[in-house]
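Pasting a structure below so you can have a look.
Chains here go by letter, A, B, C and D, matching the order in which they are written, and residues are numbered from 1 within each.
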Amino acid sequence: MSPIGLAVIGAGYWGPNLVRTAIATPELQLERLCDLDEQRAQAVLGRYTTVKATTSYEQVLNDPAVSAVAIATPAATHFDLVRAALEAGKHVLVEKPLTSSVSEAVKLADLAEQSGLVLMCDHTYCYTPAVRRIRELIRGGEIGEVQYVDSVRINLGLVQPDVDVLWDLAPHDLSILDFVLPEDVTPVAVAAHTVDPIGNGRACIGYVSVWLSTGALAHMHVNWLSPTKIRTTLFGGSRRTIVWDDMNPSARLMLHDRGVDRVPGSALAPDDRRQALISYRVGDIQVPALPEREALMSVLAEFASAIAERRPALTDARAGIRVLELLEAATRSAEDGGSRVPVKLEAGE
Amino acid sequence: MSPIGLAVIGAGYWGPNLVRTAIATPELQLERLCDLDEQRAQAVLGRYTTVKATTSYEQVLNDPAVSAVAIATPAATHFDLVRAALEAGKHVLVEKPLTSSVSEAVKLADLAEQSGLVLMCDHTYCYTPAVRRIRELIRGGEIGEVQYVDSVRINLGLVQPDVDVLWDLAPHDLSILDFVLPEDVTPVAVAAHTVDPIGNGRACIGYVSVWLSTGALAHMHVNWLSPTKIRTTLFGGSRRTIVWDDMNPSARLMLHDRGVDRVPGSALAPDDRRQALISYRVGDIQVPALPEREALMSVLAEFASAIAERRPALTDARAGIRVLELLEAATRSAEDGGSRVPVKLEAGE
Amino acid sequence: MSPIGLAVIGAGYWGPNLVRTAIATPELQLERLCDLDEQRAQAVLGRYTTVKATTSYEQVLNDPAVSAVAIATPAATHFDLVRAALEAGKHVLVEKPLTSSVSEAVKLADLAEQSGLVLMCDHTYCYTPAVRRIRELIRGGEIGEVQYVDSVRINLGLVQPDVDVLWDLAPHDLSILDFVLPEDVTPVAVAAHTVDPIGNGRACIGYVSVWLSTGALAHMHVNWLSPTKIRTTLFGGSRRTIVWDDMNPSARLMLHDRGVDRVPGSALAPDDRRQALISYRVGDIQVPALPEREALMSVLAEFASAIAERRPALTDARAGIRVLELLEAATRSAEDGGSRVPVKLEAGE
Amino acid sequence: MSPIGLAVIGAGYWGPNLVRTAIATPELQLERLCDLDEQRAQAVLGRYTTVKATTSYEQVLNDPAVSAVAIATPAATHFDLVRAALEAGKHVLVEKPLTSSVSEAVKLADLAEQSGLVLMCDHTYCYTPAVRRIRELIRGGEIGEVQYVDSVRINLGLVQPDVDVLWDLAPHDLSILDFVLPEDVTPVAVAAHTVDPIGNGRACIGYVSVWLSTGALAHMHVNWLSPTKIRTTLFGGSRRTIVWDDMNPSARLMLHDRGVDRVPGSALAPDDRRQALISYRVGDIQVPALPEREALMSVLAEFASAIAERRPALTDARAGIRVLELLEAATRSAEDGGSRVPVKLEAGE
């Protein structure tokens, strides 16, 4: 099968990674890099390339050699760019967040489905070997029932001109949550607390609580101001707990056979006997070996496969919509001083 | 000066530490260890001691050799035990939380003041070399204005029969916050989210947000179910940021000269120029050498000094009351689904 | 059975630990603490004790209530003190190194055996849960054949007045090596490089290589001048490798299923095909849960058991002699510029 | 100035890095990638390149557009390839080790000097921001006199078909040592212990001691069999100590103001007073901020500058010869059971 012709749109922060990875993906043929700033596009491509730079999105969409586009432009431009691409009959991979609102995203999802085109969200983290393994462990029942999720994603981040820290960083955690939870565990409410301590005009620190249909709680801390970089998520289960420390390459995942159990039947015990009916497990820790594979390589491979097999991508527009539902609810909550905002999502895949 | 006669009340979890430390404190003369279970008290004292075990609190209070008591019993008993001690003319050191409610605590504080007796809260962490240094750094202006505080205190904890995780663990973080913040920075509102995923009847995981009078946010994560032990607090400042990792004895405190600054005057800049007016500092990290001193030794030394000098202890009943105000507000918020509960504290010391 | 009467000799660095632990050991009855400096002994015992301090070793040896002594005095005094104790019919626990020379140690071992008395070396590390587990893993065949051992034991140490860094720190590593290796794997030669960069008159940094009968190499780095504390030992095996990081309480032992294998039969392969016949395993890591038990508690329990059961202790005088043989060889090598010194040890237990 | 025409020779392990970096270096114009296996060369260049692949080294040397070559082939081929390049009037950058022997290296160094050509060794680590800073700290007197150097460079490494672990890994540590030590501190003797526990036919584990002219000792541990990756070097000084942990990106360098001092004048003190004349410093730790710059970018920039400025490169052939002198001595020592082999190096730069 001949490779799929691809154009990358946007030569800013993420675009160069798409270019570098597309070049290394045999299933794709990189045709163009498009940016309003041609010099920037040319600089990303370098002096030794046969790939063409262009400033004209229209030209890209009219190019019959281009079957698919990968869009890495500011979020506010996604809706127009994706719609135009779909209308031009191109498959689309788009950076998170899919669009700036749920309603826009739904339109795009519908359009893609009607057109029989792939519309895939680049939820990059879902394609890391660590998150894939977490999904297997959780969905395979290895950790038992999910009791809590706690995620910390903080570092000295680029203060963004167009989005706050929730819209910049929380999509990572929300898309991971969407990806790894069992299909029948769904968010039911969201609350968020944010602050802007440097007077930047948009939140730099955020805390998001997501209540799940099982009664479990998922919590996220996102922060642009921390001088120390932390990327740690706990998935607490009734049988085991996963600690994912993405800054520790020698033990990214630790599977702890430790926890607190309630002895069955103790629910009816009078209060003063309760303590006796708690038991503690202090077992071994397992550090599973993970394959070394760059997530973005897997993203592009999945995009190419979905196109070839005429099927929705693993992180399709519906996944992007579910993330946007939670982001919108979080924003409403933050604006309302942290109140609990109910959400009702369509069932995931 | 002859040492101050002391009795320790309670031979459970913390009492043995008080006994061991009191024995090593020259300013104190340990007279008795009192527990309802005499065998337990005797076991704590061991086979080689000259200290007497007793089951009678009354006898302790009637003993003229006993000038002070250190109370380490369940929180629900504090009010009665402390009141009786004060009425018997004894100085009192009491474990956190001071009592089960603000109103009770105020009564005890008033009683102590009227009687000219020391009523000290054992806010142990405030006496660690790390927290003392943090207080100096913050109050001395070293980190600039406090922009945020983020604390994580999680481990596989003893699920308590009488208190939830907020009342068990959050007093540590709240008392530290009270201790280190400048006097003119005060909490104005609290919200808390808690869950009980093991069906234990009381919360095992809690998240507490404390809004400060400056607009800064302090956030705490307390958790009894985590198989991995984390004790990390960030104090983000406009000039520097302190990272306190209490599990890292070789670098408990790190003072980062890193951060995000807004260039003065940029508040009025139009949105599209905003980004240009943010600057990033990436400077050195300093790891200050800290003295090695057990915090509880300092607690008992402070208790003895306050008695000798007839002055309030550094962590007096008023500090305990401020912590209780926040705990009560957090509990109200948690019961109300996480709503923002205003608080109004008396000024601290 | 009534407890065994014990006296602790020496109230310096280690003696207080022996006192504290003996007091908590039901099988022992601590009768006396003996030191030339009575005030120091009294200070160690504290104000609340019923244990007697004494300056007279003779008195201790004449006391019929004392059946055993635990000696924690400078190494140079061990020979005389242990001999006197054995001659007085007392069982003896003695700090490492057993004596200052092999020849002295052999005399003591013979004397103890002839007298039917326990002479035990306090090779404390052998009684840690970590080293016990390492012994089980190695002797149980879990890691396959031992290919190498590498130990780093460095920190800002107390520069000793009477011994160099080899005699101060290497006994720990050598006694561990003796304890965990299979009985049929024995040292055959030793080389040591040492330096005294502060002009202290005795070595502050040492490197010791111990060649084993299987062709494997054990190497140790001991250092008093390092500002950072490292206590890490690797036990490389043909099937698995143990990494023991004693400074990491949350994962002291890691059992790596990773390594390099030679495909059987490839020994005869011509050189250019060799590479193809190497295979790499990159498997999981296991972190075994270890019981929390203070090693010195286990040392005293073993001492008491050996006395009660009239059997040699697990780390008996013969173990101490094997360590001394290696220490003497290392010293000879270091004095000779690092030459390889053959050793011939009696078979271990 | 127009860029310098470059060809990369060798498309194996390191060549692709040279290609990638050369492409990003404005001062260079990458003309060709040469490998005996044209398909491999083409695969390294990818589908989108304008750079030509070739199998003919002769063609490269005859190409007038090529002024310089970067050689990344097996060590045994270096001598012939470098000589041919120099004879063709090309500047040369060559991977470590420069050649397989000192005598060959001297011939090349002489040839380059006579021809007025740059012959540079790719001692990559010397161009890391960390090692540059270490050099500044040591040569600037910040840590005082160097008392010891201890380096650990271990991981599950590729067992090499043509070199043992000493020749594979120790060149890194030896070239760093050569680079950072003050000019008047030179190696005077070497000893090495190696083992081949997997029966591979060449050493997989090595320990190298290098005695310095000041009496200090530098020690290196290199190991291909360790499942855990460690890259830590200590530079112990009389005033401060540098700990370089290359696996810790958040604190690669730590400058410890901790150590042991001898009080001046105490050299004549009688032995029993010695201890009193040692003093300990326990000061702060400083973690200097380091620029983020890929070392190989700096290597190529230095290569281009040296060519443009017609001067020897910072790590010139003489540096490569000094490393080879130590490697040869280490090999002789290892073959001789670890004996101390004197070395006499020309003064460094």
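Simple rule for what comes next: a contact is a pair of C-beta atoms (placed from the backbone, for glycine too) under 8 Å apart; a residue touches a chain by one contact, two chains touch by 3 or more.
Computed from a predicted structure; not experimentally measured.
Novice: Would you kindly say which chain has the C-alpha centre located farthest from the C-alpha centre of chain C?
Specialist: A
Novice: When A-B is set beside B-C, which has more C-beta pairs in contact?
Specialist: A-B
Novice: Can you work out the whole-Å distance between the CA centroids of chain B and chain D?
Specialist: Measuring from centre to centre gives 52 Å for this pair.
Novice: Averaging over Cα atoms per chain, report the distance between chain B and chain C in Å.
Specialist: 41
Novice: So which bits of chain D are touching at least two other chains?
Specialist: Expected reply: 228, 254, 258, 282, 285.
Novice: Which residues of chain C touch chain D in their complex?
Specialist: Touch list, chain C to chain D: 147-148, 150, 152, 154, 156, 159-161, 191, 193, 195, 197-201, 204-205, 207, 209, 215-217, 219, 221, 223-228, 234, 236, 238, 241, 243, 254, 256, 258-262, 267, 271-272, 274-275, 278, 280, 282, 285, 337-340.
Novice: For the complex, which residues does chain B have touching chain D?
Specialist: Of all residues in chain B, those touching chain D are 251, 254, 257-258, 282-289.
Novice: Okay, in this complex, where on chain D does chain A touch?
Specialist: Touching chain A from chain D are residues 23-24, 30, 46-51, 228-229, 250.
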